[in-house]
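Order of writing sets the chain letters: A, B and C. Residues in each chain are counted from 1.
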């Protein structure tokens, strides 16, 4: 029950570093580029280079290593599974260990390590993005990036608004789910025993009230937004207008160079 | 025409069909009233009396099915002016959570001015000023879900203030708060009224809040049944009870004592007043 | 069915800088058939405390005995405890989910294993106890009822389990004065009619003073007062300091005493205050 409260999604770690102050579009773009690099480069050396890059950025942003690694906790199972899967199935190189039909080859070990490290870096890079960029800044950045699509009918502003509201209400809805669960438990509800189908059915006393409440909230929120003169994206200004600064220019340049270096490191090795 | 809110013969029905017993479903039945700038008015009544429906006429969330409402001289029937009306008349709702849109306090306070197309630098000033007025400046960068109910409502008030309104409508804004939260909200409203001349319309069913208003309007079944100063209204203890309302204990006590022949003015509202009067009489 | 609490503490994030003592060394005993009000400001631990009564929160420090059974004991059947100690949360109408009122009120008893044949009796009984006419609403959807009716249906859903102890967290929250009076009267009737132990959790002094015969006051996780309202209200200053208050008429008595008048320190009702003042005046005239 209490685990619900510990779910942190994209937790923002406040700070005033250069990284924090970068335009969210820069950070979004570079994060995507980083992830692409993860899949493009070959070999360990580039990975070491990219990992060093991440650690450097984290250092500049004053984000403690411990905090960055938090995002990995829920994924330890998947990462471990990926590792073991490749260790035991990839063949090649020197056979290091064998027991019956279970076999570990050196290539398997390398592949397992490589892929799990890739996964780890992917998560850490994304964490770094959400740790140094507030949800509002992220949605603003996305809105800007998507806004050219508005001319083609893509509702960029509305999408961004929806994302902001969803992010805003996640903790509130989690709290409410907790309350509803307790109320139903007090009436003898059972959320734990039974097979898959039975358990799904047993969730109704939790899901129905949650949905009803979500719709009611949406209704009330819409009215409150209208009362504050909301009428869509037309004519809206922003408290914080996105503006590129020289820091963004340097971030793009230096990251670009680092990515190129990573690529060639992979070629040489 | 100096009244900042004026209603004439306002009828309102939630259902669209014209049914034969439409009398029953009329939430408002012929309401006429006017509120001057700078007044602090409490509107009370039992559930279903129409007080919330009345409040929503002021910022054009609802418009009359017959009759008319003018806010700062603008008729709410004029669809093109709804935008302007909502800048003048700001509303804070009952559920503290369901009116906060942003993930950070100051971004939520900025929502209103952003909608009005206020230039960014000015938005910054308005947000800072509004947060100061509600005494929540220290929480500007906080996420809203960690605030108490009273704090959330103050943020909501700041969000309205940032639009520079002339009227602040509190639609049962204290109904879901604990006593401390209620006090925070009411104190803020009183302060805004007294120091900045804000017209305040307070819809509540807490009588200890209503007594603080200089003018009280009592509603029942869609009609205004009492309208006067807090003293005039609350001394009608019996009538208020019939209408499903409370009176402060000291006011009820005054009525009881007077019935027993005790000499007391009928409109005592606070403990302080009661003590003064008793010291004179005993 | 007694509930005994010995030195109960509830600590979150122990031994970290974020340690929070939601409850701190609480001891109290609740006997069968009492009508208790638990009061405290927000954050005083009242909700945490009552969730220990039905095992929603297991005690980690201290002891909670319900009808002699230790809730920390792994062998105690918590589901049985939850049937005997019914807990109605704040805004209980938010937990309604079934297609008909009947099905929703029957949810609790069904989970108890009550046979189909007996369900109807339980549902009708529970609805009557909250002042609702069963015939009119059992087949309707709970979502098409008024707010007040929905709340009563939710309470009926807990009563249908025939608990021996009924705990209600802020049952009058959001109700207008009329609704509040009706509900409190109903609860009073429930208590006197069935001998159920009723525990009301609230932060409204005036509400609770009306109906409870024993007040338990919490502040900052600690028990700061426990006794009949008359006794507890004599500590008016302490109550005001922690953000509660006393009924206006008690405030009046205290103010009069400050002015040197010889009146009792506490008045629980307007009638009582009236009698006191008349008597005071009579004595004054006599001199």
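Assume contacts are C-beta pairs under 8 Å (C-beta built on N, C-alpha and C of every residue); 3 or more make two chains touch, one makes a residue touch a chain.
Given the structure is predicted, the values throughout are model-derived calculations rather than measurements.
Peer 1: Considering only which chains touch which, label the overall pattern as line, ring, star, complete or other.
Peer 2: complete
Peer 1: Which of the two pairs, B-C or A-C, is linked by more C-beta contacts?
Peer 2: Higher contact count goes to B-C.
Peer 1: Report, in whole Å, the distance between the mean C-alpha point of chain A and the mean C-alpha point of chain C.
Peer 2: Each chain reduced to its C-alpha mean, chain A and chain C end up 44 Å apart.
Peer 1: Can you compute the centre-to-centre distance for chain B and chain C, using the mean CA position of each chain? Integer Å is fine.
Peer 2: Centres of chain B and chain C (C-alpha means) sit 30 Å apart.
Peer 1: Name, in rising order, each residue of chain B that touches chain C in their complex.
Peer 2: 46-47, 148, 175-176, 178-181, 205, 207, 244-246, 248-250, 252-253, 256-257, 260, 262, 271-272, 274-275, 278-279, 281-282
Peer 1: Under the touch definition given earlier, write down the residues of chain B that touch chain A in their complex.
Peer 2: 59, 61, 83, 86-87, 90-91, 93, 95, 97-104, 106-107, 110-120, 123-124, 127, 141, 143-145, 159-160, 163
Peer 1: Sort out for me which residues of chain A touch chain C in the complex.
Peer 2: Within the complex, chain A touches chain C at residues 176, 179-180, 182-190, 204-205, 208-209, 212-213.
Peer 1: Could you pull out which chain A residues touch chain B in their complex?
Peer 2: 14, 134-136, 164-165, 167-168, 171-172, 175, 216-217, 220-221, 223-231, 235-241
Peer 1: Can you name the residues of chain C that touch chain B in the complex?
Peer 2: Spelled out, the residues of chain C in touch with chain B are 41-42, 147-148, 173-179, 203-204, 206, 243-245, 247-249, 251-252, 255-256, 259, 261, 270-271, 273-274, 277-278, 280-281, 284.
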